[in-house]
Amino acid sequence: MNILEILESGTKIMIIGLATVFIALSGIVLTVTLISKAVNYERPNKGKAKTDIKENSNLEIKVAEETSKIETQAEDEELIALITAAVAASLNRSTHNVIVKSVNRITGTGSQWSKAGRYEYISSKL
Amino acid sequence: MNILEILESGTKIMIIGLATVFIALSGIVLTVTLISKAVNYERPNKGKAKTDIKENSNLEIKVAEETSKIETQAEDEELIALITAAVAASLNRSTHNVIVKSVNRITGTGSQWSKAGRYEYISSKL
Amino acid sequence: MNILEILESGTKIMIIGLATVFIALSGIVLTVTLISKAVNYERPNKGKAKTDIKENSNLEIKVAEETSKIETQAEDEELIALITAAVAASLNRSTHNVIVKSVNRITGTGSQWSKAGRYEYISSKL
Amino acid sequence: MDKPLWEVIVDFINQTGFAHLTWQQAVMIGVSGVLIYLAIKKEYEPLLLLPIAFGMLLANLPLAGLMEGPIMEEGEVKQVGGLLYYLYQGVKLGIFPPLIFLGIGTMTDFGPLLANPKSFFLGAAAQAGIFAAFFLALLLGFTGPEAASIGIIGGADGPTAIYVTSLLAPELLGPIAVAAYSYMALVPIIQPPIMRALTTKAERQIVMEQLRPVSKLEKILFPIAVTLLGALLLPSTASLLGMLMLGNIFRESLVVDRLSKTAQNELMNIVTIFLGVTVGATANAELFLTIGTLKIVGLGLLAFGFGTAGGTLLGKLMCKLSGGKINPLIGSAGVSAVPMAARVSQVVGQKENPNNFLLMHAMGPNVAGVIGSAIAAGVFISLFG
Amino acid sequence: MDKPLWEVIVDFINQTGFAHLTWQQAVMIGVSGVLIYLAIKKEYEPLLLLPIAFGMLLANLPLAGLMEGPIMEEGEVKQVGGLLYYLYQGVKLGIFPPLIFLGIGTMTDFGPLLANPKSFFLGAAAQAGIFAAFFLALLLGFTGPEAASIGIIGGADGPTAIYVTSLLAPELLGPIAVAAYSYMALVPIIQPPIMRALTTKAERQIVMEQLRPVSKLEKILFPIAVTLLGALLLPSTASLLGMLMLGNIFRESLVVDRLSKTAQNELMNIVTIFLGVTVGATANAELFLTIGTLKIVGLGLLAFGFGTAGGTLLGKLMCKLSGGKINPLIGSAGVSAVPMAARVSQVVGQKENPNNFLLMHAMGPNVAGVIGSAIAAGVFISLFG
Amino acid sequence: MDKPLWEVIVDFINQTGFAHLTWQQAVMIGVSGVLIYLAIKKEYEPLLLLPIAFGMLLANLPLAGLMEGPIMEEGEVKQVGGLLYYLYQGVKLGIFPPLIFLGIGTMTDFGPLLANPKSFFLGAAAQAGIFAAFFLALLLGFTGPEAASIGIIGGADGPTAIYVTSLLAPELLGPIAVAAYSYMALVPIIQPPIMRALTTKAERQIVMEQLRPVSKLEKILFPIAVTLLGALLLPSTASLLGMLMLGNIFRESLVVDRLSKTAQNELMNIVTIFLGVTVGATANAELFLTIGTLKIVGLGLLAFGFGTAGGTLLGKLMCKLSGGKINPLIGSAGVSAVPMAARVSQVVGQKENPNNFLLMHAMGPNVAGVIGSAIAAGVFISLFG
């Protein structure tokens, strides 16, 4: 190929390439906007609460590494509340600045499989 | 194969199959019972203590993710006792409801291989 | 091979082998000594401080499993100082015996990749 | 590259997946969407069903070729295969399911079973569902190996079902895996009516004696004994049973904690991701959108039902024989689906008698059911493998 | 063994690496030393650059044969291959880069992008650097596949660059990987002058409105939609994009936490070690010590520059069109190099106006750039693959 | 399927393992039971010995075929291989032992060695055991490669022994691995009498000066220097030594913490499980129940003894030359068996003088011994490989 051919084919590929990227991302923009419309039409106030909480929390202590999901079972919430209080007390801060994100019980509370291992514990509570 | 042959071979396999499962599991039942007899003949009172302890523990906090084995070395027990006391104090509960299952030192106390890494620490105590 | 040949070749290999091991390790000794000279000529007092700190720390608590690198960013140090104080207070010990090695924020502070996940937090501090 | 720009553009459009999407593939993508919904919103065994569903989606994207093998020419690789093709080898060669069993072994406490070895019989009876479904599948026109793979759905053990199917009827992997995991998630809906229909109120109210404590030594000897007996009786079950028991001895020995932890966490998670996505990716439109899939879904449900019935009925018999000491509700837990089925026993029992705690007792048949279906799997593999 | 001792010794010396070390290999070892210095002391993307540099060192040790394939004889392995040869198969077969994308997906929050979908256009414009560098590489005499691999450096996405190069021009893997990761680390030095040159002080001071919160449902639907659209438009991008989005659905579904954690930690770390060391090990003296490497280093820098300019200029245009609501500085983050480039936007913006917090806004184009370069990769693979 | 039921039953019984169990296999199962006992009850290196023992059990179950290769027909897989066969490839291809060395590298602090480089000579002298055992093995009729593999037991380094044996004499893998790990566990019993016999009470009471602190820079340069020197002198040691030092630079650089953690935990654990089980599985009755195994067990013990003596004697010499500044007890730690042998030095020393803390000083020769036996391994591989 001589230099002209290279210039020509290079230009073609540049155009096709950038155009494809723009088309693809435009398609995604369109879809995302539609999804957002659809989702927020039905539930306009969701998601707000979460953000508010986040803004209140200047300090997030992760006592244990694992879970990123805030546990919702009553027992855990009680425990978390207790520990939050304890940590906050030690730190001499008011509780609403401290969030204990999760407390790990025996090998990962979030897991489905670990449930089997916990049955003894469960049964002792029943 | 016509339908009769299918019925016949299917029935055969069902019988063999279920019979095998029952024979295998019966063999295991027999063995397990024999083992249990042998083991408990020699040591009738073992294993009891463990269960009792478990029933006392309404609350198990796992400060760190790793170890499932309760450390028995004196040094660790002392540390665990201290932390248990601290947590219990913070929680305003009596200590016998709280068990700190383990405290992780540098990379996994349970491991054989990590021992090498700890020699500095050990030597400073010797 | 008769026994004499075996003896001869075995002896040869023994000599070559042990000699190689000694030569290799001597080479390493030489290099290490040179490196040590070069490094400590320029910076004779480095590395000392670290060791001293280590000797002061009779007790190392690793609140979270991950990081082995002491975080140096001001924000983290402040947090660590706070928690150290809290833990020490609970333990009724003076702070210079307790080192909180690290506090894990959301998914691993040490990691480069996780930084993306923390931008919300960072931005809220800016 | 001497073509005019517009021709290049047309060529490019012809190379898009849009230009090659068949309606069957579109339907499959829809099916994968439904499964993603079930996995996330309904939490139907999401650890497996979410990867399976996403794998199904990926495999039905035209031209993507993620499941295509490499193109060889004179012993050299001319074009490498797709990502999922390579990951799928772990399923095809029978490596992943035993590794998941290794992890399950490290998480399973056989204590309740050892405290009450009679539970094993309940774990055997509940495998009736496997053979009943196998029989019905034969009648519906499936071949022996296919019928065996379908029957194993009744074992209520995902990895066992995938292992048997990958060896005997790999083309059915998609529907069987989906059915197996869906029904495992549906155990709390499928089982209770059957359990109630087959037992009297009085039987359901039976309170069982507390289980004896089990010593550490018994727990260590158990995996060795089961491996020996099981694998000597049925050599084809050695890799499933052997890995399950290796995991269990890791757990009970207490001396290899770090191996135990890794086997049950990271190793298991990595294998689960690869297994889920690639098993899902076997479900291309051609293989999945057939009347056979509907039959499999139906037979799978029957298998669960028959298993539940089998366990419950033997429970009734053992109740009689023991003079009313055994609550037949624990029999249904024998299908495995650990620990869901054991909880179902607990819940159904507690409804009749709020002071009745069957969970520990039901864990016996429950874990026995895992061994039971591994042995049933061995029977099928040795007959059809 | 009937040779006299001294002959054995001479033979032995002739078998040492010292006797076979070429000056080119010595230079390569020196280069690897420099890279180790940059990785450790300057912290240039050490997670990749340290393994790459050490791999380069290992591959240039004479006679060690760590990258040599097995010697076969009549279908039997006569001598096993080197360690790095086997680990390299994961790169060669295109398995490792998508697995790293799986991990990246579990760590990426597309929330800021969903809150402001227009960011996608900035993520597209910044890919201009890819195509500009491709064009210049063609002019400098590289073949199409080589030029494409070099261009992808401008995507500022290591795994994408390695994936494309391993498929299109594996002999350039060493220099391209080194250039890609080095420039990613140098983003805070490369970008600011270009950003300042192309924007006015007034533009840089624009404060943007706070982003709207994004619901969980949107975040779950997003990865499915992107996989479908992206892979249907460009089937060759399916494995990169599919794995990125599988990771992201693991993250956003909240029901498969243990898979998500393993994908982003252990699996990713294992793959990173293997990928880094073996990519580095492709850089033997013959392939690396050429004038081509210098060209690649130069073109890579230009690619980053053009990408930054492209993003910033579209930012300027969008600023105009939106009536001054968009700060053009967030455009430069579209090159990806997550999250470094977004931080650069933040820092440059804050210098002009201490109360200006652009980080969240810049994360949108930043993560869009990852998708953008995956699509650009797909274009090249479908044209040259 | 037209056979009568009883014939089917007879066939089935003939397919059980019971019908094919040889007395040799029964003996092997017994041996594996003894090893499981040693691993769990006596805690003899349980991390390796438990998987090895269980692998031995699995490999001796008749008809299970867990170690059997696939059956090919015209280039197609007709029947897939056994689970352990596939996992064993990681040993056979020399992949697993270097990966374990990677993990060991991330856990090893070479600081005490750098503080006192003369320790290296003790780590060299203790390799005398390797060559002494090699010599004796030749005399007992083993071939060169076999003798070399047996000798390496004296290196007191499991992965090195497995690596050399898998390359030179794979049929001896079972007994050599068992001997190596058993004697490593028995170091506290084997070494003290030899140490006491070769030293005087006065020597054992010597208190050594505190070690100087070692800077971070020295610790980073060390792995690079060792890789270069070691692998240039002995190219065949590159994969073991290179991975050990890659792990160590991960550790000392402090910038790739997440790689370091994964290499020393999950990656190492996964590889350990696979390596242990499959190395154990090579020990089938035919290969294990020979007089050779007894010879290996005996030679292994001698190797440990000679190594201990070599280290201690050079310690004595260095004690003399240094004017009594070096306690010869630290010499025995040169056999490696990290950190057990260093603790033995500590304990034996403290018995004579309760204020004597040799542990730190003994760690120098101890980790030098790892490098020493990797180099000895390289010698054997280059001579016989």
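The chains carry the letters A, B, C, D, E and F, assigned in the order they are written, with residues numbered from 1 in each.
Just so it is clear, contacts are C-beta pairs under 8 Å (C-beta built on N, C-alpha and C of every residue); 3 or more make two chains touch, one makes a residue touch a chain.
Note that the structure is predicted; figures quoted are calculated from it, not measured.
Visitor: Same or different for subunit D and subunit E, when you check if over half of the residue numbers at their contact belong to both copies?
Guide: Different, since most residue numbers here occur in only one copy.
Visitor: Where in B-D, A-E or A-D does the B-F interface recur, with over half of the contact pairs identical by residue number?
Guide: A-D
Visitor: Let me have the rounded angstrom distance from the C-alpha centre of subunit C over to the C-alpha centre of subunit E, please.
Guide: Those two chain centres are 29 Å apart.
Visitor: Quick one: subunit E and subunit F, Cα centre-to-centre, how many Å?
Guide: Distance between chain centres, rounded to whole Å: 39 Å.
Visitor: So how far apart, in whole Å, are subunit A and subunit F when each is placed at the average of its C-alpha atoms?
Guide: Going by mean C-alpha positions, subunit A sits 44 Å from subunit F.
Visitor: Tell me, which residues of subunit E touch at least two other chains?
Guide: 12, 46-47, 233-234, 258, 261, 265-266
Visitor: What parts of subunit B, by residue number, touch at least two of the other chains?
Guide: Residue numbers touching two or more other chains: 9, 16, 20, 63-66, 68, 87, 90, 107-108, 113, 120.
Visitor: Spell out the residues on subunit C that touch subunit E in their complex, using ranges where they run on.
Guide: Where subunit C meets subunit E, its residues are 5, 8-9, 12, 15-16, 20, 107-108, 111-117, 119-120, 122-123, 126.
Visitor: Residue numbers of subunit B touching subunit D in their complex, please.
Guide: It comes out as residues 3, 6-7, 9-11, 13-14, 16-18, 20-29, 31-33, 35-36, 39-40, 43, 46-48, 50-51, 66-69, 108, 110-111, 113.
Visitor: Which positions of subunit D touch subunit A when the two form their complex?
Guide: Those residues of subunit D that touch subunit A are 1-2, 5, 8-9, 12, 45-47, 103-104, 107-109, 261, 264-265, 268, 338-339, 342-343, 346, 350, 357, 359-360, 363.
Visitor: Touching subunit F in the complex: which residues of subunit E?
Guide: 12, 15-18, 21, 29, 33, 36, 39-40, 43, 46-47, 50-51, 54, 57-58, 61-66, 70, 80-83, 86-87, 265-266, 269-270, 272-273, 277
Visitor: Residues of subunit D touching subunit F in their complex?
Guide: Within the complex, subunit D touches subunit F at residues 92-95, 98, 102, 167, 220, 224, 227-228, 231-236, 238-239, 242-243, 246, 249-250, 253, 255-256, 258-259, 261-263, 266-267, 382.
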